[in-house]
Each structure stands twice: as structure tokens, then as C-alpha cells.
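Data block below; observations after.
Per-chain residue numbering starts at 1, and chain names A, B, C, D and E are given in the order in which the chains are listed.
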Amino acid sequence: MALLSRITSILTLLEGPQTLGRGRRFWSGFALVVAAASAYPLFADGYDVGNNVYFFNWTFMALGLCLIWGYGGSLSFGQTAFFGIAGYAYGVLTINLGDAYGLTLFALVAAVLISAVCAAILGYFLFFGRISGVFLGIVTLSVTLVMERFISQTAGPEWHIGTARLNGFNGMGAMPSLTIPWPGGPIVLFPDVALYYVTLVLLILVYLGLRMLVNSRFGNVIVAIRENPQRAEMLGYDVRKYQLGTFIIGSSLAGLSGVLYTSWGNYITPASMGMTAASLPIVWVAVGGRSDLTTTLFGSFLVLIGFQALTIYGSQYALVVMGALLVLTVLVAPSGIVASAVLLVSKRWMRKKPQSGEVS
Amino acid sequence: MRSEVILETIGLWSGYGGKPVLQGVDLTVREGEIVAIIGRNGVGKSTLIKSLIGLLPSDKGSVLFRTKPIDALAAYLRARLGIGYVPQGRDVFPRMSVLENIAVGEAIGGTVSKDMLTAIFHFFPILLERKNQLAGTLSGGQQQQLAIGRVLMGAPSLVLLDEPSEGIQPNIVQDIARIMVELNRTTGVTIVFVEQNIDMIRAMAQRCYVMDKGRVVAELTKEMLQDRETVRRYLSV
Amino acid sequence: MDVLYSAFSLLYQSGDAFAFLVLSACGLAVIFGMMGVINLAHGEFILCGAYVSTSATHMGLPLPLAIALGAGVAGLIGMLLERLIVRHLYSRPLDTIVATWGISMIVTQGTLIVLGSTMQGTGTPFGSFVVGNYSYSVYRIVLMGMALATLAALWLVFTRTRFGVLARATIQVPHIAQALGVNTGLIYSLTFGLGAALAGLAGGLYAPTMTLVPTMGSAFIVEAFVTVVIGGADIFLGTAPAAAILGVVKAALTSWQGQLAGQIGMLLAVIVVIRILPRGISGWILKERA
Amino acid sequence: MPILETRSLNKWFGGLHVTGGVDFALETGEMHCLIGPNGAGKSTFFRLILGEHLPTSGQILYNSHDITLAKSYERIRRGISVKFQVPGIFKALSVGQNIQIALQHHVAPAELDHEIDLLLSFLNLKPAARQLAGNLSHGQKQWLEIGMAVGLKPKLLLLDEPTAGMTPDETFATGEMLQALNREGVTVLAVEHDMAFVRQIAHRVTVLHLGKIFAQGTIDEIVANEQVAAIYLGEAHAQ
Amino acid sequence: QEKTPIKLGVLEDQSGDFAVATIGKVHGIQLATAEINAAGGIDGRPLELVVYDTQSDNTRYQEFMRRVLQRDKVDAVFAGFSSASREAYRPIVNQFDGFAFYNNQYEGGVCDANMVVTGAVPEQQFSTLIPYMIEKYGKKVYTIAADYNFGQISAEWVRNIVKEHGGEMVGEEFIPLGVSQFSQTIQNIQTAKPDVLVTLLVGTAQASYYEQAGAANLKVPMASSVNVGQGYEHKRFKAPSLANMYATVNYIEEVDTPASKAFVEKWHKKFPNEPYINQEAENSYSAVYLYKQMVERAKSTKRDDIRKVIAQGDVCFDAPEGKVCIDPKSQHMSHTIYLAHVGEDHTIDFPKVWKDVKPYWLGDAGCDLTKSDPSAQYTPSNPPVATK
């Protein structure tokens, strides 16, 4: 009984004031989306399946940033640093350990943990040094740029960990893909249907987990800190610890992205930590709507698809159009395209009883 | 003494994001008057003041300054017509010194008079004493004095004050009331102020509008203001 | 004599790094430090200054005029962009990152499409001089002079003119500044334009010494950000000392361990300084003063 | 036994001596008002108690524990809570959420909604429960912040100008609310410039001037003190 | 009735950092394709290009390599400028067992049966250049190189060859990519007083070196394997900042042979605004013709069939630079190496030409794709273990 009520009380956290979407309509929509996503590989060709896995890979990093920035109010420009750390860690571990006995899965966990530890160390300096606002963004940017510069020059043979060469600017390759040990022979997760389902399940779990996190007491506190850290402290919360916790969780998600990406393409490069790469998560999250997990998820996905499509069909104008879209989005849909679209639609629905000025 | 009308609103509607707060405010202020606006929390007093200075666009109705409609003018242009504004909650420029804060106030009139600066320092000696301190580190009451001093620097012909006594020690409240009345007498400046402090209202106001739910619901004359209890009653309409 | 020669060489190298940092950072410092806008299109204003001044030189304009023209055009474009885009984002400073990133993409690729992948350089004027065993470029000395002159001019503008006071007021509490009669819109445009013009100036000044390609702005942007961060929000109290410190650090590390050490050393300096002085050098100075 | 005690507490800002060796004791269960001219150092005194500023020298004791160097949130957890002079609320969150964040410390999840409702109706903010706190009027924000401070169920409540911007009736109601809390055992220390309010609630009054304790006593004693009248009250109160 | 076209994927950076040097590569492929199609295609099958702009972004290579192989199902891919981009797409080519041409000069060492490399490699450029320079100017050599794989491995080659020829390294400096200010480097070079300065600078930012060195009146004879031939710095900078530069190139538009002149002429007819035809553009052009020949001889577009043709060791083409052949062991290409000398006024003359310079190193070191396919990249300090 107690256990049951415990579980239901945890499940109620799936919706709450910090997340858009509640009630039957939302969850049936959610079920529909999950069902569609699950059925997708049955209809799509191998390229589309693999390509979608690729998009999924990045959304973890976006969700992490949504947590740190959208909910926690600290702009981290350094998601890519943890992306890179975890990616390289996965490469080093798997090249040394091989892909037998589920060791790649161990490497996945270990690599994410390594990025979490790095985030804890950096975050400790940042938050216990009371750095906030724009400065936080620029310090984290510097960190990722330092990482990029450093790894870029590790081309020489002296830069190796075990048998894994870091290989400088050219990037590290030849690490095995994630491999699940299986009685009838191990399943190698190439960018294919199997990997699609694994990544999808991970994504759903992370999404739901984050929903529960932000609607929990912890979530209340981190948004409170975003709004007014002084007041939050005066309500008895240790602001720095909450900020650090948020940062570690968000950065580990970037790490998870890094591992998945590295395994997806059997390749990781210092450019993944460069200026351009570092700006992209911010663009996804801002364009999607950083104030909410769902809008971030769909927004990142849309931007990724849109930008790729533009690059394919836009020829030399692709970058110009992308730039223009970004500017327009920020101007026209200040809370992000997805969030604005959702608001627009729900206004239509709600027309009968207008409730402007209230939070839904 | 029937002088010119300096400020008039006709059926003024205004609010935030489509939600009306002011719902048809009519009031008239004559040149050289001191008029108080009172009402409970959240009835729209600050909203009215913001609509007058132009920080909030009016949705319907009209604001006239010296009989000319000024609805289309941005706040800075209204200020340049000679309307001064002291916001609720002070809003000094936190990372600028006291002197620099006052210097910004010069923008209104354009003509800078050394006399005015001397007068301000005379009224509020603490500002002279702290003239190089960053305004953000002043105490609450000091900031309020700075906000008033800042606006006087531009020698406005109409001053809008939003709860000027808030957070100010009693004897300085009395001083401010005295100063404003004196300024009004000597320079003829018109004053419209929102206030909750009975003593301040009675010490300054010649007339008083009572607001409720975005409307003016009563007007108190000089005679009615004589009676403390009447004012008290109306404050809690 | 040898001591003097190497002293000169150290001075020259530090001064050279200093000039690059100051000129890269000034425009950013104005826009970021004053307005709180993270301008990722900073590099593209530099590009604009460089391309305009180079084209003008090709058309026969004398170099100083061409550079001034580059700065002017960049400034005007900055004002225009402020009116059209940035203006709507002051209440959401972090969104300016996205918008200016977008602008940067448009400009870089637009330049590539319209003007091609590269532009021919004009060559560095003034030749060289010799001190001891080394020969140096005279133009680099001019750059150092310009860096100092720019700092001085900015200092005058922001402390000795009414514009400076009003600009700071506008940025701190815009609605009150407006209610006090400040044409905040104009102030914003002018400030942003000034920042853009300074970036354009940097572009014009460095154009003769660099490869002219649509992505050239990125060569400046990291240095610019680092300087501004270490300096903190106040341009004069911050940028100049930050550039001076970084200039020496960079020159020393580069001559000791090569360019990579110089680069990484500089980025590490950010982290160290931020750890000690969370609000930059100027934040520290201001706190001490208050 | 004093719930709060400061021993020769000093605070310098650069060359400015803002708190000058304050020896102050607040008895448990007391309602105490702190008054004094603008800039006397009242808010600074609060910030020292709360750990927003660290004292240059001196000691702060809470229930005989030395908390001089404790972190702010630790002090709050020991039972202090505060309403600041400038309302500090969570602007982009709803009024209800603001209250929730204060309550979730000690209220079981099952009762949370109920408790929030109670507190909101008490604050007259029930109709605004779903509104964003940043859109409240100035006075409403004050109420909300008082609500959060009270919601922590503190043992010691610090209020910096709680009634600024309230009408006389509201001020009176606030006074009554505080008296009710006090009956339940909450010690109250309030900074106020509204003498009617001070008269209504204060058991004892301390006048701070230039960072030092200038006078202490009942409100009648203070009002009768000519020096206090000269520096602070002015003629109107010097009856 | 139309025969089904042969599809070629083209992934090159048409925007971003590398665009300066790579837009011409796409043009080269388009030119060759147009010619081949005009002449009836390959065995009557027309060539069809699927072109994506990779925006100088490694992740775009990964996305589009999958796309051309899986969705567009191209028969071969022509892809990549930077080595990083090549390494980014190589695992994907391997995974889908595709066939890719890397038409770019690089640091060498890729031993991968799925790849054909038509660009020049260090042994081709340095074993010619360095001895010439030492003989002509003296033994003291100073290298400045981009601080990444290409620069470091090239510098290693320079170091070894200098030693072999009795020279002496008096300095070596690695410059991070993106660095654009060189005052200190210029001074370091003055301190070391070299006879020859080897510049292995990559990217547009680093090219600023020449202007700055010129302004400081640094007049050491320069030698390079990348500059001039790839980034045509002598065209972009005002004379005389590149004066006295010697570069080994396998082609540049100034090459003064009838074949080259004809090539330049038809190129400009098709692309009148081309700023410059660099060696990678010519490599890309030749690569299409080499592919044509392979398919025609194999009578198939299957990689295994084509590799049987390559294994015969006589896949050759009379390129604008001269005759080039594919080496079956490493699937790299032999080149005619021109020593381009930049004059005071930035005109080019060719004091020396080496014909048929083979990409010997990989084969000698133990890479033999006719026997095994390690799909790896080796370096002189990390050579392949000789096949058992």
C-alpha cells in the first residue's frame, strides 16, 4: 500500500507547473507520438532511421541545456566540453577494452560518469565562486575552447592513453559501436533499427525523468533560484548546491550525447568542442523554447531537421536562410517556435474563456 | 483662483497584455494644484501614473497636457514637455553615482541651473554628503530622496510622484511635504501624487481623487481633507 | 646595448599583443559592457570594416580615409541592425546570442556569395625598421598608437560627455531614463553603432596585415571575448588593464613555449581571473572604490 | 533568554562605518521594533543577522549558538526568516508557486495545496493565485513576501518595512496578524517608519542612529525622547 | 532508351572556413562530368552528380556521407578537404562498404581499400623540395607549421629529409589553427637566422603570416608544400610578401604546358569567375576521368571489380599536370611535381619539374591493399606492422 502510494505520488510529478502539457489530452498525444516513433522504422528506409538516430543523439544535450539554462537560469556555453569529454572517454575506453562482454555499455556509463565528475569540478569553481549570468556563459565557453585547442594539438604519437591515440585535430576514430552481449551473438548497434529503438527508449526515459525532476521539490527550487537566488537562499535553500546539482545533471546529459554520437559515427573530433559546435545547443534550445522540456525536445529536433534539409536543398543560400530564420524566430516567437505555436493553439482552444496573464 | 487646466484624462483605459486595469479614468488637474490619488493596493494607481507619463500606452481614451492630447508621444517626449516622474520603488540608476543620477535628470528641461543643484542639496543634505557613492548602495530612504532630487533637477512644470513617502523616516516625510508645498508656492509646479500616508496627504494635498477597481470613485475637497477620519475611511474604500 | 634591444623587443611584442586585444575588444566591450548584449556578430562588423576599407583603398582612397570609411560604414550598419533587430531584445539579453549568431551566419555567407571567397589585400604600408638584430614593421607601431588613441577617445566620450552618462543610465534602468526625458531609442542606436564602428575600425586597421576572407572575423572574436571577460563590464577600468595583462602574458608565453602556450595560457587566464575576480578587473576596482 | 544577540557588531563599507559596535539582545517571544533615520544602518543590521553581509568584527548569537560565520541558508534553517525592504519574489512564477516553494520545506505533499490555499486567502491573494508574481502591484508583492516569510514557520521573523505602501487599515491588519503569530510563539523584529504600527505591536523599541543604538525603551518612552524627535520623528509625533 | 546514370556523390566545403580552396574542386568535378557526358558518358551511361555543401563542418560530412551512400545510393563519392573531415566520413564509408575519392593533398598514411587518394603526399612534395632548397640556399632550416596532424606529420617529414641531406634544423614552431598574429614568430625566426624557412601554414588566418613577415622585412627564402598550390596566397596578397617562395605543387594554373593551357582555357569558359585553379581542383578533375577508366575497364561500378582493375597497376590518365597513375598497394596517385617559384612581383616560374613521382612511403612501410585492408591511417612514427 505504502509503496503503491509512493509510486503514484512519484508519477504525479510527471505533470506540474514547471512543464507544459497535462491531462488526458496531452498524455494521449504523448502516447500517439511514442507509438508513431516506434512504428517509424517499419515504414522508413535505413537512411532515415539512421539519420533520426543521429538527431536523437543531440537532443540529450539540448535537454540538458534546457535544464541548466531554461530551468536553472545559468547559461552554459560549455555543453560541448562535456560532450567531448564523454566522447573521447568512450573512445579511449572502448579502444582499450574492446567490445566484448558488454564492455561498451560499461564504457558508456563510465564515460558519462567521467563527464559528470568533470562537470562537478568545474561547477564547483563556478557556483561556489558565485559566478553567474553572462559571465558563466563566457567562462564555460572558454573552457570548451581550451579543450578544443588542447585536443587539436595531440596529433603526435606521444598523446595516447593505452592503445588509443588521441590523434589531434583529425579526430579519434576506430572505436567500436555500442554492443549488447546476446546469447545468439552480440548485437552491434550500428545506426540502424536496433540502435534506433535503444536511443528512443533512452530519450523517452530521460524526457520523463526530467519532467519528474523539474516538477519535484528540486525543480521548484531551481526555478526559484533562477528567478531570485537571494530569496531562494532566504527560504533556506543552499543555492550553490542546487545550481551545482543542476549543472552536473545537465552536463552529464551532454556527456550522454557525446557517447551516443561517438558510437554512432565511430568518430569524435575536437571540432565538436569548438565555437560553432558550442553555439548550436544554445540555438536549438532558444529556438525551441528553453522554458520547457517538451518544446526544447521538439524544437531541437525541428531545428536539426530543418537545418539539414536547408543544407541539402538550399545550396549556397542555406546558411543565409538559417541565419534569417534564427533572427526571425527570436523576434517573432520570443519564447521559441514550439512554445509560441503551442500557446497560439491553446489560445484558440481557450478562446471561450480568455485567461491572459495567467500561467497555464 | 481658476487657472488653466494642465492635465486632463478623458475616459482613460489601460492595462497589461490585454487585461484592462484602468477602466475609464477621468480627472482634471489645474496649473499649480497639488492633487493626491489614493486607493487600496492593486486598484491601479501606479498604472494610472505610468499611463500619464507614457510608460504604458493607453488603450482607449485620452491624456491631455495643457489641452493638447499627448497619447501619441513617447515617454521621453512627454518628459521634455515638462512632466517629471518619481516611480514607486525608487528605481535609481544603481551603478551610477549620486551626482550622475542627478545629472540624468537634467535631460528634462535641458537648461541646467546650478541653483537647482544647490537647492536639491539644501533639501536633501545626505545627497551632498554621499555625492560619489553608487546609488545602488544607498539605503532605501536615501534612494527615495535621490529619486525626488533627480526629478527636480529638470525643473518640471508637472511632477508625478508615486508613493513618495514610502520608506522615509517620519521627519523627512514632513520635510518632503513641506518642500513640495514650498516648491509649489514658489515655482508654481503642479504636483500629482499617489500616497497612503495620511499625514502626508493632509499636509500636501489640496484635492484628492479616490480610486477603486480602475476608476475614480470619489473626489475629496480641501474641506473634506481637513478631517483625518474621512481620509482614513476613503483610503480603505 | 643587447639588454636594451631585448627590452625593446619585449615591449614591442607585448605592445603588439596589447594593440590587437584592445582593438578587437573595444567594440565588444561597448556593446557587451554597456548594453549587456553578447554580440556574436562582432567578428562580422570587423569583416565589414576590413572589406570596406580595402575596397576603398583599391579604389584609390588614402589608407587613413579608407579605414575611417570602414569604421563609419560598420557603425551605420550597426545602427541599422540595432533598429531592426537588437532593439527588440534588450529585455532578453540571452536571446541576443541567437539573433547575433544568425546575423553572423547571414553576413559571412552573404559575403561569400556576393563578393566571392576572398579579396585581394592592399599590402602593409610604411615598411620596416631595424633595432639591434631584428627588423620590425612600422605599421605595427601605428597599430599600437591607434589602440591607445582609441582608449583615450572612448574614455573622453563616456566620462566627459553627457552622452556617456545618459547611455549608462539608459542601460541600467531604461524605462526610468525614458521617463526622465532621455531618448533611449537613440541612445541605444548610438551606443550599438559606436560599438560596431569600433569593430569596423579594428577591421580596417588590421586589413592590410591579414588574409581577407568572409570568415576573417573569427580570428578576432575569441581574443575579444577573453579580454572583455577579464576586464569586466567597465571598458576603461577593465579593458585596458586586461589587454595589458593578457598582452604581456601572451607575448611572454609565446616567446617561451610557442603560440599554443600563448593561446592556452590566455584562455586559462580567464578561468583563473574569474575565479579570483568574478566580476572582472573593473568589478574589483569598483568594489574597492565604493 | 535572548533568541538573538549581537556583541559589539561592526560593519565597514570601505571607509563607511555603517554598524558601530552594536550590542543588542532580542528576548524570545518579544515583538521588537527597530527604528531610526534613513541610512541609520537598519537594513544593514538585518543583512548581518542573515549573513548577507559578514560583519567586520563582532559576534552574532542565535539561541546561544554562534552563527556569525554561518551561511545564510543555515541560519534560515535554524528558524530565522525575513521580508526584505525591496520585495524579493519569484517574478516569473505564479503567486501560488511562490508560496509553495516557501512551504514545501516542512509541509507534507498531501497537505501542501490546502496549506497554500489557507495562506493565500489569509494574504488576500487568493484571486491572484495563478497570476505571475511579477505582475502584482507593489503592495501585493509586499504581501506575498510577507506570506513567504511567514510560510517558513519561523521562530524569529525579521521584517524590513513590512507595511510600506499599505493603507492604514491594511497596516493595522498586518499588525494583528503579527500579534497572532507572536501568540503562537514567534519572535518578531521589525523595521518600520510608521509610528502607528510601531505603537500597535512593539513591546520594545530600539532606535538606531549612525549605526549605533541611540535609545531603547517602550514606544512611549521613545516618543517622549526629545533627541529621538530631533533626529527622527519630527514635530508631528513629539506630542 | 536511356541507360541508368552512374551517380557520383560530391561532398565539398562550399562555405565556411575552407571554401577558399575547395569551391574549385566542385567545379573541377562538374567540368569533367560535363565533358564525359558530352562525349557519351561512361559506357553510354551518363554521369549524375549529387552535390552537398558540407559547410566546413565535420558533422555534415557524417550526415551526408550516410545520405549519399544509403539514400542516394551513389556509385562513388568524391569527398573532403580537411583530414578531419576525411576521418569523420571514413568509418561510414567503411560501414557501408562505399568507394570514396579523397582528392586532396594531405599528410599521407591512409591505407584503406575503400579510399582512393589522388592528392599529393609528403614524400612526393618534400623529397623533391627540401634537397633543392638545401642545395640552393644552405643547410639551416626552420619550420613553421600548423599545429595539427597535417602540420606535425609534414614537419616530421621535413625534419627527416633535412637530416638525410646533411641539413640542420635550427627551429620548429607549431601554430594553432586560427592564429592570425605572428609578430613573435617573426622575431623567433630572426633569432634563429635560418637559410630556408619551411612554411606549412594552413587556413586563411595563418596565411596572414606572409603579409606580416613581409612588413617586418623578413627575407628568408621560403619553401612550402601547401601554400601557393592550395590557397593561392600569391594571388591574394600584394607583392612582394610571397616573394622568394618555393612550393612543390602537382598543379597550379600557371603551369606552362600545352595540356595545362588548354585545361585553363576550357575551365574559364565554363567558370569565368573562378579566382584560381589550384592543385586540388585539378586532382578532382582528374579523379573523375580515372574513375571513368576504372569503370570502363571493370565493366562494373562494384568496388571489388574496380579494385581488380586498380590492382593491375596501370590505371593512368594524361592529366593537365602530366601523366598520373594509381599505385595499387596504397591506392594513392603518382604526380608530376612542379617547383613553383614566386617572384618579386608574384609571378610564377618553374625552376624544376620532377616527373612521375611515386607515393612510395605507404607501400614501402607495409601497406598493401591488394593483400589486406587495415582501414587505418599510419604515420612515419607509427608505421603499419608489415603484413605477415
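The rule we apply is simple: a contact is a pair of C-beta atoms (placed from the backbone, for glycine too) under 8 Å apart; a residue touches a chain by one contact, two chains touch by 3 or more.
Here the structure is a predicted model, which is why all the values come from computation and not from measurement.
Steps from subunit B to subunit E, minimised over paths through touching chains, total 2. Comparing the CA-atom centres of all chains against that of subunit D, the greatest distance is found for E. Ranking all chains by how far their C-alpha centres lie from the centre of subunit B, first place goes to E. Here B-C and C-E are compared, and the pair linked by more C-beta contacts is C-E.
Our note on geometry: subunit B versus subunit C, Cα centroid distance of 43 Å, whole angstroms. Averaged C-alpha coordinates give centres for subunit C and subunit E that are 36 Å from one another.
Put simply, the C-alpha centre of subunit B and that of subunit D have 28 angstrom between them. Subunit A and subunit C have Cα centroids lying 33 Å from one another. For subunit B, the set of residues touching two or more other chains reads 16, 137. Residues of subunit A in contact with two or more other chains: 149, 153, 316, 318-319, 357. Multi-chain contact residues of subunit D (touching two or more other chains) are listed as 13, 135.
Partner subunit A is touched in their complex by these residues of subunit C: 32, 36, 38, 40, 85, 88-89, 92-95, 97-99, 101-110, 112-113, 218, 221-222, 225-226, 228-229, 260, 263-264, 267-268, 270-271, 274-275, 278-280. Of all residues in subunit E, those touching subunit A in their complex are 14-15, 52-53, 55, 57-60, 62-64, 66-67, 70-71, 82-84, 86-88, 90-92, 95, 147-150, 152-153, 174, 176-177, 375-377, 379, 381-382.
By the touch rule above, subunit B contacts subunit C in their complex via residues 53-55, 74-76, 79-80, 84-85, 87, 91-96, 100-101, 103-105, 107-108, 133-134, 137, 150-151, 154.
Subunit E meets subunit C in the complex at residues 15-17, 19-20, 23, 147, 173-176, 178-181, 183-185, 187-188, 190-191, 204-205, 207-208, 211-212, 214-218, 233, 235-239, 241, 273, 275.
Note for the complex: subunit A touches subunit C at residues 69, 75, 125, 129-131, 134-135, 137-139, 141-143, 145-146, 149-150, 153, 275, 279, 282-283, 286-287, 316-320, 322-327, 329-331, 334.
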